[in-house]
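Common to both upcoming complexes is subunit A, partnered first by subunit B, then by subunit C.
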Partner chain A sequence: MLPEIIVLITAFTLMFVDLFLKRETRYFLMGIPLGGLALAFISVFFLSNRKSFGGQFSLENIDLWLKVFFILCAFVIAIASFSFILGESKETCHKKQIYSFEFLTILLFNLSGMLFLVSARDLLTLYVSLELSTLPLFILTAWKRDALSSEAGLKYVVLGALASALLLLGFSIFYGLTGTMDLVLIGRSTNVSPLFWFASVLVISAIGFKLTLVPFHMWAPEVYQGAPTVVTAYLSVASKGAGLVLMFQIFFRIFGASISSFYFAIALLSALTMTLGNVVAIVQENIKRFMAFSAISQAGYLIMGFLGGFHANSQAVLQGLSRTHPLIALSMMIGLFGLAGIPPLSGFIGKFFLFSVAASSGFYWLVAVAAINSVISLYYYLRIVRQMYIEPVLETTVFPMKLSMGGLLGSLVVISVLLGLVPVFYETILWTWKN
Partner chain B sequence: MLASIFNSPYFYPSIYHWLVLSSALFSIGIYGFLTRKNAVGILISLELCLNSGALNFVVFDYFRGNHIDGKIMALFIIAVAAAEVVIAMAIFVGMFKHKKTIDVTEMNQMRN
Partner chain C sequence: MQVSCLVFLPLLTAFLVIMTPRRFSYLIRWISVFGTGLHLALTIMISFLFWAEAKGDGELLRTSLVFKLHLVEKISWFDSLGIQYFVGIDGISLTMVVLTSIIIFAGVLASWNVKERAKEFFALLLILVTGVFGVFVSFDLFLFFMFYELAVLPMYLLIGIWGTGPKEYAAMKLTLMLLIGSAFILVGFFALYYGSGFYTFDLIKLATANFPVDFQRWVFPMIFVGFGVIGALYPLHTWSPDGHSSAPTAVSMLHAGVLMKLGGYGALRIAVFLLPEGAKYWGLFFMGLTTINILYGSFGAIWQKDLKYFTAYSSVSHCGFVLFGISALNFMGMKGAVIQMFSHGIMTGLFFGLIGMVYGRTHTRIISEMGGLARVMPWLATCFYIGGLASLGLPGLSGFIAESHVFLGGFFGHSLQSVGQSGALMKTFTLIATLSIVVTAVYVLRGLGRVFQGPIENAEFANLEDAMLSEKLSTGILVVVLIVVGLYPSILIDVIEPAIRPVLNRLAGGL
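What follows is the complex of A and B.
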């Protein structure tokens, strides 16, 4: 559990050093979170597969990949949030908030929760680490302290608490049915009974909340719109990744033996989510709401959610972006095409793998629905491209671009193209997962 | 006379009584969540739901061989619920400073 320890130590160090430094010198504090995250990233590769704490905390090959993913997300978000923290971005409104590195402390706590979630093997660890990867997000959402941000935080905290209460009741019934806390033992000793179905519905609704699946997605557009833009990006990538991990843990460990009886429910949820997310995204005016619905529909491949990182709140703000900032417009276009699944980019390979998995277990209608939805999504992604390349320039389109942000954007674009060209990467993950 | 009533096996509640109690707690919590307008009231209702989960863990632990697992889980649930309340209250206070109310039916600034 080396990466977790490093992340936690970094968080506490940052908090206390931040407390005792003068305002002007705090600029140099940036090094602490970045160094800590880099160290944690390296330490993942020195881990070996083993169990600790009596099997409550364990590591398998797939867990290492997930940890790498979460640490990378936090690293990118940490870089992207510097202008927000240092008060150079338009979004910082409180004078007091300037130079508050607590933002990164809370982000790191949240990251540690996600890392623990990956390795959790019993109900107690799973529940506590899930809460640790959810509660800090409420704080981050309400960080701006203006009316919109507070409202988003309020909605998020109330609905999040409801989801965790449902999850808890489901867990308690699993515990009552089997008398053990161990996820794999629960999976082995459950018989399919009405109570088991009831508990499954409760747990699946909590997963649906975390992953913004359709009947449970109502919080997403409001929270994405009200939260600071960096936090929106973090929510759409890392938080959704945590939801995916939770789903892995429950479906493959607890439901393991009876998972085939859940196939139809999963297919139905996925078809509903794709269709509704797409159809509603078409009519959105606010770009963060639009990204929220697009993220709902894309519930799988989200790394390009970072494109929400502009300080813009209406799609019209992107008008004529190709003339004022040609490179940003280009990277945004590549990102949108990647989301839509145009071949040389990462989205295509991701969709290809997902479609082939669905088809190989016989859900051809789901593949058809997904293909139609891809076409619909291309329509509204292209609409944004049209805004950037064909519409005349507006005054609001002119905004300063920092070097760090530009470099970040560039490297993300390169990664998205590379991941599309090198499917070997996915095959390695698939292979390690199957073994 | 009185002692024999207290000592009879029928006086002590079985697992069914406890489960009815915890389901009732959960249902009351959900009812409060759906009907309350004040955000603090909603939070109190959610606490009822969380506590019914904790009670379930303790009851199942007691009636299924008395391992210590469920009781420890209940302690952790209480701690997590406390953290949740702290965060929610801080957000409510921030909201109150802007709108002078925490009536959830008035939270409608974000419309498309």
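What follows is the complex of A and C.
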């Protein structure tokens, strides 16, 4: 439980220290979240596989990887948000009543929620940690406090509350059916009854909301567009990751025995989501909405999110980027190709693995749909590549590039290539899969 | 180790090119030429190694029905998925590698004049060629697919940035069509992976699997059509004329010369080899389609006004021979298909290289605007004629060897499927396809005559210069190869034959 504790302590420390420091010395404050996250990152490697709190909190190999992933995401977002936090002038802060470092505090709360979610083995822990990770996201979405951002926040709250109500109702039915909170015990002791199906539908809808599966995706474009860009990036990676963890917990621990009866529903949701997300993404002009639709069809828009951080809101602004900022253009291209699943980038082996899972259960038609969808997605990624590499330079597009951002992008690119070539990560997942 | 060097040497060269500062553009060119030259030397060395190993096996190799790989490297990679880094070389691979090595060397020499963003150009070209080499030596389907995609994608930028005409349209069309093809291939690979029951992507191991006949009948067209897209199978060839005519010189050389061969190579090596029953079931159908290919391409070429479209259509016709020979499903036909891959690769490479050089001087590719160019550029004209004659199948040049094999295979070959009516159908298809010889002679001689013969029509062309040294070197190599293969074809045939026997053995029902 060490990383969770460290993250929470960091969050509280940051909150209090921020109160007593003057604005000028605030640069010093940057060290606290980064240091805390680094410490949490290191502490993960000292964890061992065991259960605590009577089995409500437990650790397996795959959980460690997920924790590492979430902490890294938060770390990257923290660095990326510095210019966003420090960039606000004193007057605007005062006028809007923004206390900049709250941003990071809230981010850390969200992170702790996701870390708990990974290890939860109990309905109540699962629900509470999910809420702990979702509520901060509502606040972060509305952070800019302009019309768009507030609207996005409100939409997110209302729909999010609905989803979590559905989830809670589903959970309480599971509890009523089996009389236990323990996920694995529920899985073992459920009899397939109409009430069980009803509860499953409720829970799957809630998961669908988290993962922006069609037809539960309607909130995503508004929220992605309205939220500050850094938050959009975070939403599309970490929040999706949390949704996947939730799905993993429920499908493999509760539905474990009867999972094959859900195969068709999953395949259908997945085919619908890919196709609709892709097709609608083609016609989007606003790059954040485009990201949203594209993220509906697949998670992981990290690198693009940063580019949005340079206030590029229309695709046309990227024109000639390869000549004004070769490094950004290159990393964006590699990021896009990674998403499209082009080898040897991380997206390729990931997709290959997913396809092979679908094929192993005989869903060859889904593999075909998915493969064709990835070609469609490549179409609009290539359009962006064209803007950056083929179209001539527009003078208005020049914006300064910070060294820290360059380093960040570079390392993300390297990670993306390494993940595609080095088997360790996928071997761990597969190992867990088979056991 | 040698084979890995073969694959990753271009990548290393690309890395060096990227590291070179932009202002030393001549250094970038020299690095590329040196890298590809070294690669050619390495390829020749490997050919000798291959010969040495093959000779060691002596007579056995000539008649052996077992799949024999040389210079194998096998490292387990994604262990739990059964994915390996598995490379090696057999006769077909070696032929293709030699072809690619020659074309990329000539291509780099031919793009001596690329000044605009030269660094990115050469880096992308070298990355692309890494993918091509990777495909030709991989014997693990995962690795194969990975290199395949790596070979297709840089094409988008190469055509989009340095191309001419409607380049963005052409680039997008080409990339998307080829990738849709690769989507089919991927589904087919997964079917092989799970259908075999071995849970492996190892091609050699998959070849020992007994796939059910029904299974083969739906997987075979998936894979064959998937590769057919890049092999310009009618009616999926439409990316080819647009793509080739918009691409810059070296890229059209590489694309028409080598990339289109990935289609024939994959169809033979994976589709026919692994799924013989499927091949027998669909063979005649694809033979019919490729007959259309051959005729459609050559008739299409007659009407073209632009030299590059002219060559692109002739490529469609010639690549039809490759798939035609493969779908004939017999020894002669397949042998002819592989020789045709090699011969057409060199020939088209030569054509596109020459067109680039002529265009660089006249700034037009419209056939009717030229005339009498042989007077001012005798070297280029001579090379063009030799290539043209090879393309219409003149004995003594490589095209004749290839086409005669393919036709003999189609007509006389004892096809495994030739019972009763289908034998007659095969003969009919072959007879129709032979018409293309006449049509090819018409368009080649007419086209070349318009461009090079007669008086110089445009006064501006009177002062043009002939090829410079790098261009002479680039075209010279290709012409020499065309003549050598034409006069002494055993140099190829001896290598190809042992590699084709295992495929036939599978077709005959052996394991």
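By our rule, the second predicted complex is superposed on the first by the 401 of 435 C-alpha atoms of A that agree within 3 Å, B and C clash if a C-alpha of one lies under 4 Å from a C-alpha of the other, contacts with A are read in each partner's own complex, and residues count from 1 in each chain.
The rule we apply is simple: contacts are C-beta pairs under 8 Å (C-beta built on N, C-alpha and C of every residue); 3 or more make two chains touch, one makes a residue touch a chain.
Quick caveat: nothing in here was measured; it's all calculated off a predicted structure.
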{"item": "Of subunit C and subunit B, partner touching more subunit A residues", "value": "B"}
{"item": "Partner chain in contact with A:Thr275 - subunit B first, subunit C second, else both or neither", "value": "neither"}
{"item": "First, second, both or neither for A:Arg145, with subunit B first and subunit C second", "value": "first"}
{"item": "Which of subunit B and subunit C A:Val367 touches, first, second, both or neither", "value": "second"}
{"item": "Contacts of A:Val385 with subunit B and subunit C, given as first, second, both or neither", "value": "second"}
{"item": "Set of subunit A residues, in rising order, touched by both subunit B and subunit C", "value": "none"}
{"item": "Subunit B-touching residues of subunit A, taken from the complex the two chains share", "value": "123-124, 127-128, 131, 135, 138-139, 142, 145-148, 150-155, 157-158, 161-162, 164-166, 168-169, 171-173, 175-176, 179-181, 221-222, 225-226, 283-286, 289"}
{"item": "Residue numbers on subunit A that touch subunit C, as the complex places them", "value": "337, 342-344, 348-349, 352-353, 355-356, 359-360, 364, 367-368, 371-372, 374-375, 378-379, 382, 385-386, 389-390, 423, 426-427, 430-431, 434"}
{"item": "Subunit C residues within the subunit A interface of the complex", "value": "77-81, 142, 145-147, 149-150, 153, 156-157, 160-161, 168, 172, 175-176, 179-180, 183-184, 186-187, 190-191, 193-194"}
{"item": "For the subunit B and subunit A complex, residues of the former touching the latter", "value": "26, 29, 33, 39, 42-43, 46, 49-50, 52-54, 56-57, 59-61, 64-65, 67, 69-70, 72-73, 76-77, 80, 83-84, 87-88, 90-92, 94-95, 98-99, 102, 104, 107, 109-110, 112"}
